[in-house]
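Heads up, the thing below is written out as structure tokens.
As written, the chain order gives the labels A, B and C, with residue 1 at the start of each chain.
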Amino acid sequence: MDVRELAVSAEYRVAVEAGDDWRGAIEAVAADEGVAAAWFTGVGTVRDADVWYYDPDAEEHRAVRFDEPLTVAACTGGVSTGEDGEPSARPYAVLTRPTGQAVGGYLNAAEAVTGRLYLRAFETAFDDGWTEP
Amino acid sequence: MDVRELAVSAEYRVAVEAGDDWRGAIEAVAADEGVAAAWFTGVGTVRDADVWYYDPDAEEHRAVRFDEPLTVAACTGGVSTGEDGEPSARPYAVLTRPTGQAVGGYLNAAEAVTGRLYLRAFETAFDDGWTEP
Amino acid sequence: MDVRELAVSAEYRVAVEAGDDWRGAIEAVAADEGVAAAWFTGVGTVRDADVWYYDPDAEEHRAVRFDEPLTVAACTGGVSTGEDGEPSARPYAVLTRPTGQAVGGYLNAAEAVTGRLYLRAFETAFDDGWTEP
């Protein structure tokens, strides 16, 4: 088990704008602020969502598409630095429908309507090979 | 995209009491502790829940009522200062039934049975117009 | 309502290993690092899950077993010190299926495939009797 003590560099509140890609917005903040490693939680509304499920037996991801407005009732994940040296965000989300029904998984892409995130940036690099969700 | 670096003022653990309104309890803590801006996560049990879904096309909220005990499997949100100068909390939650089925959205009201929250208060005001969930 | 201001002692990122029990891994980190009180959020994948729902009327827990791989779309909870003096973790989780369907509750046990957690440890003891989820 990899356990590492973290040194915080800064903490941010992010208001995601309408039309932004949810994951792309997190990566843009990290790039703009020079953040190589971070942890975040968030909430909001998206217009659609491309959600991934990881099947550990097949060792592959399965995508599910939700083409409908959804509440982001929970979003949790991390930012690390990808092989290209750019920040890579891995947001997981629980999304809810008008009936309250909840769906979710790894949130690969979603068009934001509105969103608020708390992002905590660290000096400590996350170099433990978390390149897949 | 509004990105602001935050300066923490204090952090708290809150044990919500049976009978408290979930959102009201968060606002009461913020008022008692003089907190104008905060971010929180939490878990617990509620006896019923008034959940809102925001429809971005109709630009209106739809309420769904759950008159049953529910586990608060995730609660995430922020506190800012309302137009009346009082703390306003915006909790989003994922709630689960005895079968494990999950529902959720913006948690407008819920009678707490038990709850634990981690609340992080900031000196930085959240004055970016987040007056709607 | 019990509200206590917290003094942080350290913060950690934990990579849960394949085969670890999800809750046991959190307790092992707390024991190894000498953590008596903490709050955490996390994401990942588990191979199965033993989820509890607390029924406040019957005052008892009901277990639901999910014998299938599930995405941990959200995990939130605390660590306190049990009656035996050892760290006791109370993780709540929202878990998702290949279709995106979400289930969840108190995550009593689950075999991890992969997982990432942010854990914030406090000097302040959580001695408010949170011995039940």
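Throughout what follows, contacts are C-beta pairs under 8 Å (C-beta built on N, C-alpha and C of every residue); 3 or more make two chains touch, one makes a residue touch a chain.
In this text the structure is predicted, and so the values were computed from the model without any measurement.
A.B. asks: Please state whether the interface between chain B and chain C is built from the same residues or different ones, using more than half shared residue numbers as the mark of same.
C.D. replies: Different: fewer than half of the residue numbers at the chain B-chain C interface appear in both copies.
A.B. asks: To lay chain A over its twin chain C by CA atoms, how big a turn is needed, in degrees to the nearest 5?
C.D. replies: 120
A.B. asks: Using CA atom averages as chain centres, what separation in Å is found between chain B and chain C?
C.D. replies: 20
A.B. asks: For chain B, what residues touch not just one other chain but two or more?
C.D. replies: 41, 74, 76, 94, 102
A.B. asks: Taking the touch rule as given, give the residues of chain A at its contact with chain B in the complex, in rising order.
C.D. replies: Per the touch definition, chain A meets chain B at residues 10-17, 20, 25, 28-29, 32-33, 41-43, 45, 47, 69, 71-76, 94, 96-102, 113, 116, 118.
A.B. asks: Within their complex, state which residues of chain A touch chain C.
C.D. replies: For this pair, the touching residues of chain A are 1-6, 8, 39, 41, 51, 53-57, 62, 64, 66, 74, 76-78, 90, 92-94, 102-106, 120, 122, 124, 126, 128, 130.
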